[in-house]
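Scrolling down, you'll hit the structures one after another.
Next come two complexes, and both contain chain A; in the first it sits with chain B, in the second with chain C.
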Partner chain A sequence: MRASLGEKWFYIINNIVLALLGLTCLFPLINTIAIAFSDTAAIEAGRVSFYPIGWNTEAFTSLFTGTPIIGAFRNSVVITVIGVVLSMAATIMTAYPISRRIFYGRRFFTLAMVFTIMFSGGLIPTYLVVKSLGLMNSYFALWLPALVSTYNMLVMRTFFENIPSEIDDASRIDGCSELAYLLRIVLPLSLPVIATLTLFYGVTYWNTFLPVLIYIQDTGRFNLTVLVQNMIQSQNLLQELVNSGVTSGVQANVVPESLKAAGVLVIVLPMLAVYPFLQKFFVKGVMLGSVKG
Partner chain B sequence: MTKQRLVTGVLLFTMTGGVLLAGCSSKSDGAQSGTSGSNAEPKKDISVSIYDRGNVSPDEGTIENNRWTKWMNENGPANVKYVAIPRAKPEEKINVLYASGSAPDLLFEYSPKTKDTLQQQKQFMPIDELIDKYSTEYKKVLQDNPALKKAGSKSDGKLYYFGKINWVEPNRGLLIRTDWLKKLGLSVPQTTDELYNVLKAFAEQDPDGNGKKDTYGISLSSNSNFSLKQMFGATSKWVVKNNELALDWDRQKEYYTFAKRLYDEGLIDKDFTTDTNGAKAKQDFITGKVGIYGFLTSDVVTDTLMGTIDPLKKNVSGAEVAFMPYPKSPFGAFVPTFKNPVQMVAAISATAKNPEAVVKYIDFSLKDTTTKALDYGIEGTHYKMTDGCPEIMDAGKSKKQVADLTLDMRMLENIGISYNKCDVPMVAFKSDPRKDEYQNTYDSFRSTYMTFDRGYPELTHSEHMPTPPKDLNAVETNADKAVGDIWLKATVSGSKYSIEQAMKDAQDAWSKAGGAQVEDWYKKWYETDRSNSILADDIFDIAKKQNEQYKKIVQDMK
Partner chain C sequence: MATVRTSGNSAVMTEESAAAAELQRRMRQAARRRRWKANIPLMLLFIPGLLYYVLFKYVPMGGLIIAFKDYNFFDGVLDSPWVGMQNFETIFKQPQTLNIIRNTIVLSLLNVIVGFPFPILLAILLNEVRRTWYKRWIQTIVYLPHFFSWVIIGGFIFTLFATESGTINQLLKGWLAEPFPFLFNPGSWIAIYVGSGIWKEMGFSAIIYLAALTSIDPSLYESASLDGANKLQQIRHVTLPGISTTIVLLFILAMGRVMEVGFDHVYVLQNAVVSNVADVISTYMYRVGLQGAQFSLTTAMGLFESIVGLILVLSANALARRFDRGLW
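What follows is the complex of A and B.
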């Protein structure tokens, strides 16, 4: 069916408006990029908006030589990669049994897990548990307490439940065991949900802040979020630097705006780069045609 | 059989080896304590907190393990384990450490609220006796400066906090565009009424001469707003009336009437509420859009001159500025708030196992040789002595290898006592061609604001205000927010919402939120603890003394 003239105009205007709305989400990022590459004087005068003014890469030079950002980046990658693998494995192993109707007591187990969404132990009790488990200053303190996000697990369970039981029957008849069914049938059919949850977990681990702040004592093991937050905060605490003896040292501790922007970029870019690669897994209709009548 | 013998042999070998090693290490320990100090007893283990600002260069290690932590351990009286406290959210980390029983023996923290809360929970130990018994350096500072005792004692009369004497300078100030004044034929405003006229002229008479009405008098955000409020003595909600502490409404009313008028007539940027950190206000000032700018300063030369005045002059040719004293308000003329002369920065945790070693560590960190090393680094490597004053040789290297690492180890340094001719800008920047300009700026800043015939705008420095118990603290925070929201609404609502109505609503909101109990608590505190607290008079006393000291230093240099 061909669109009428009115409809055509509607779509054109609609697309423009939505494109502009989409762009507004991009502006802060573009602005941050512009600031990271701009001259300090131009930034302070507020002349930087969408493109760098007074091209300057000094922020990155001092970021990489003057702060432990490379180490922090490595730490962030370690936390994220291992964390995602552990969390995904645990989530799949939790979601699969409770998605099976034959599993005895699945209602009880499901409710018990949902319970943890509503009630949590609180910061200090959790800290005490982590401490008495000897996890202090170890990344396991970040991975273990948050190993399975109940919400993510429920999403996965629902997805598993929607796999037609005919597939199950068919594979059983062909002599498939429980484990083989999970690995060869369920998981390949669940790529969309696996990609989505990997991304969820990935973003959570990448952005993790408070647990690192609290459980990790060795500053050499901090991740990017804690490091950059520290750098930004130091600038807002000018007042206390007042009394440091060496006058020349005072200004030296002020982090320029461009350095902040550069730090933020280092945090944001990897996640941004990962998105397009996961995109291809968000394919709809994987299930289509898997059941032939 | 042979196998068993072999195992025994290995075991024996390891044991003898272990003994040998142990012998070696104890020997070297002995040698170390022999060189470092008078007593031969082994160094004790203590833990000390240090802020982590995320600015340690990767070649230097980490904030808790670098050349200076090693230096402190080698030369100092104790084996110190440094515990990093992220500067971003210190209270969270500190609370968790204390709640879980893993507190550092010596806690360094600026915020009085964080410290007071812990103190109320009995997490710190009293230090009077410890100082008496084990301290020499800090004891002497304490005896020479009774204010330290006053500020560090709590309501049970015992001393809990270690503190330092700071070099008192104004903490805030106002910059005014004198070239605009000249152009419009105006003079520096002496009263708030005159200030209004100047602001009006700045906004309406096109002082930048570009033919457009695009300038503002001042800003109502952040520090400019704070200074404006301070002119009316309205930054604190407490005033003393008939020797009693009372909640103030008159000054608030007067100030908000003034602010509302500026808003209604468009003399300020009406978007001020979105400028929460004052970045827009600063930007407008350095691009020549605003005539008067209130600032908070850490150091008037490096912060205000280089950070605000220089960029302004670069952006706007012919721009001239001067420091402007606070104009006189109906409540009198005020100075801006000063830097805290007696600042409390440290406490010993109740869980500390070797408190005497902690006290000795503090003493060591106060020694002249220690402070000099932490300030300037190693002579010949980081600084050289010229005319009796240390001069940094390479600023970049010194920042990376010294300042970035030692800044928060020096939290107890008494700059207010040690201030000498080497710290005067003309000497501190002696190889800088602009040193005279720096000196003039510094002197003009001091002489504009260190005027002791004026009143102090608050009851005392905010760090010396007491911390109410937790529940009252929450009530106060909520009540303050409710009242603040009402005033803000009144400021921006034009004729729809009058200041009189707002004041009535604010008073209602205050009493509804339970403000009366907060009032009672503060009143009682003022009644009983006034004489044991650092109030505005004490601040003035120290400031006056230091001002004389400064004048003498400058005199001697001539």
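What follows is the complex of A and C.
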């Protein structure tokens, strides 16, 4: 069927609107990259928008030498990697029993867990529990209170439940135990949901902010989000960094704006590096989540 | 005839049925034992999760009793003196705390209502793209902001909207006599708050609508087009009715989240000048509760927030049930 003239116009306008939307989504990122690599004079004159003007990487040099950002990067990696492993293990171990029809108390436990989505003790009672367990200033204060996301757990349970029961029957006849069934059959069949939830947990831990703010007091143990947020908010800190170049004799080619932009980029870049590869997984994962539980 | 035969063999029958019953009983017992045996590894697996939910979900719920106490570190949660409803009275008497509750409701309502149509619109537009590669590219780009933390987005916003050095003010230089203080004006602060929420989640929320759109029968479009409907009429009369149940369901669920104003989003954008409209329950709990050690007062506020939230979710679900789409 050939498109009429009206339809042709519709498609053209539609494509343009979407391109503009895409640009709106990308522009802040592009602008930040441009500022991080631009010359001080160009930034101050406000001439930087889409691309760097006067190639300049000194913002990164001052950032790496003048702030503990490399340590914070390492902390973020530790928090994310160990956190994802712990959370995935706990999520699988919680979701598997309640996906089994034979499990005693299955309905009760499921309801009790779903209830925690709707009602919770909130910030302060949770803080008091963490404090009384002696977890302050330890990364376990970040991992343990966020160990299982109930929503993710339910997505995984639904996936487990949808594995055809014939597979279960057949493996029982072959004398497969519950544990062997989980490890050898259920988990290999669940790779899509495992990939999706690993991504979701990974993003959550990489971006974690409030827990670090309230549980970690030692500034050397801060992660990237908290360090960069402190940098963005504190004009004094940035000015000090800029001036530190002056005292050593040479004026560094940095302004607070380029330092902020560089800090933001340090958080974003690892995510941008893995994002294209993971995209096909999370779309599937959202679909899984939309399946009624 | 059948009765005759049964009565004739009744002695044999009872003996047989007794044996059958015995066998059945044994089988049931064996099945129960098998189930019990299969349950042992399941229970062992379940222990960490159970501990987690008890320790970090249900114990804090118990900790909510400090909302009715005057909590101090020395006496702890259990031994601090009871004060009844005093904390709640304080909250609902002070203009400052009332203002914070109002801000929470206003900002979240704006978020839910203003932000709601955007994912639908985006999904419909994406659905009308004919070139697959173009569609996939746009999707990749619009999903991206969902994965940025609010700290990153806060950084973007300061770069764009800062009063002196912000990109927008630099662009407006020719038209404005003075740079506009976007982040320090209550009206534009709220607009930036709501806009950034839309910017972050619009693409990702569109995924569900895109899934719903695939279930629309393509022949409906064909017949509509044969009847002379143009594209906009097709969207109006085929696409929208096709996803209306999803729209209604998601709207109801969104209403259930009205009391939720995320901490990070407000915290990174907030400043002292706009605190009159920008201070919400979660930031108040952090600042006054944790940093100011007003544990009981802010827990009372948190409890109020949780209870209103629970009522909203339950009534939202009851409403969704009417549409046969309840979550439980």
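Rule of thumb we're sticking to: the second predicted complex is superposed on the first by the 231 of 293 C-alpha atoms of A that agree within 3 Å, B and C clash if a C-alpha of one lies under 4 Å from a C-alpha of the other, contacts with A are read in each partner's own complex, and residues count from 1 in each chain.
FYI, contacts are C-beta pairs under 8 Å (C-beta built on N, C-alpha and C of every residue); 3 or more make two chains touch, one makes a residue touch a chain.
Everything numeric here is computed off the predicted structure, so don't read it as measured data.
Residue contacts after overlaying the shared chain place A:Ser165 against neither chain B nor chain C. By the touch criterion defined above, A:Met118 reaches chain C but does not reach chain B. More residues of chain A are touched by C (comparison of chain B with chain C).
In the superposed model, A:Pro276 lies in contact with chain C only, and not with chain B. Of the two partner chains, chain C is the only one touched by A:Gly22; chain B is not. In the superposed pair of complexes, A:Leu128 makes contact with chain B and with chain C alike. Residue contacts after overlaying the shared chain place A:Arg100 against chain C, while chain B stays out of touching range. In the superposed model, A:Gly71 makes contact with chain B only, not with chain C. Shared-chain residue A:Gln229: touches chain B and chain C both.
In the superposition on the C-alpha atoms of chain A, the part of chain A touched by chain B in one complex and by chain C in the other spans residues 44, 46, 123-124, 127-128, 210, 213-214, 226, 228-229, 232.
Here chain A touches chain B in the complex through residues 41, 44-46, 65-68, 70-71, 123-124, 127-128, 131, 210, 213-214, 217-220, 222, 226-234, 236-255, going by the rule given at the top.
Residues 1, 6-7, 10-11, 14-15, 17-19, 21-22, 24-26, 28-29, 31-32, 35, 43-44, 46, 48-49, 89-90, 93-94, 96-98, 100, 102-104, 109, 112-114, 116, 118-129, 133, 144-145, 147-148, 153, 177-179, 182, 203, 206-207, 209-210, 213-214, 225-226, 228-229, 232, 257, 260-261, 263-264, 267-268, 271, 275-276, 279, 282-283, 286-287, 290, 292-293 of chain A touch chain C in their complex. By the touch rule above, chain B contacts chain A in their complex via residues 52-58, 61-64, 83-84, 86-89, 92-93, 95-96, 99-100, 102, 110, 164, 166-167, 169, 171, 277, 280, 282-283, 286-287, 296, 298-299, 301-303, 306-307, 311, 314-315, 339, 343, 371, 375-376, 392, 395, 398-400, 402-404, 407, 410, 413, 415, 418, 423, 425, 428-429. Chain C makes touch with chain A in their complex at residues 35, 38-39, 41-43, 45-46, 48-50, 52-53, 55-64, 66, 77, 122, 125-126, 128-130, 134, 137-145, 147-160, 162, 165, 167, 169-171, 173, 199, 203-204, 207-208, 211, 225, 230-232, 263-264, 267-268, 282, 285-286, 289-290, 295, 298-299, 302-303, 305-307, 309-310, 313-314, 327-328.
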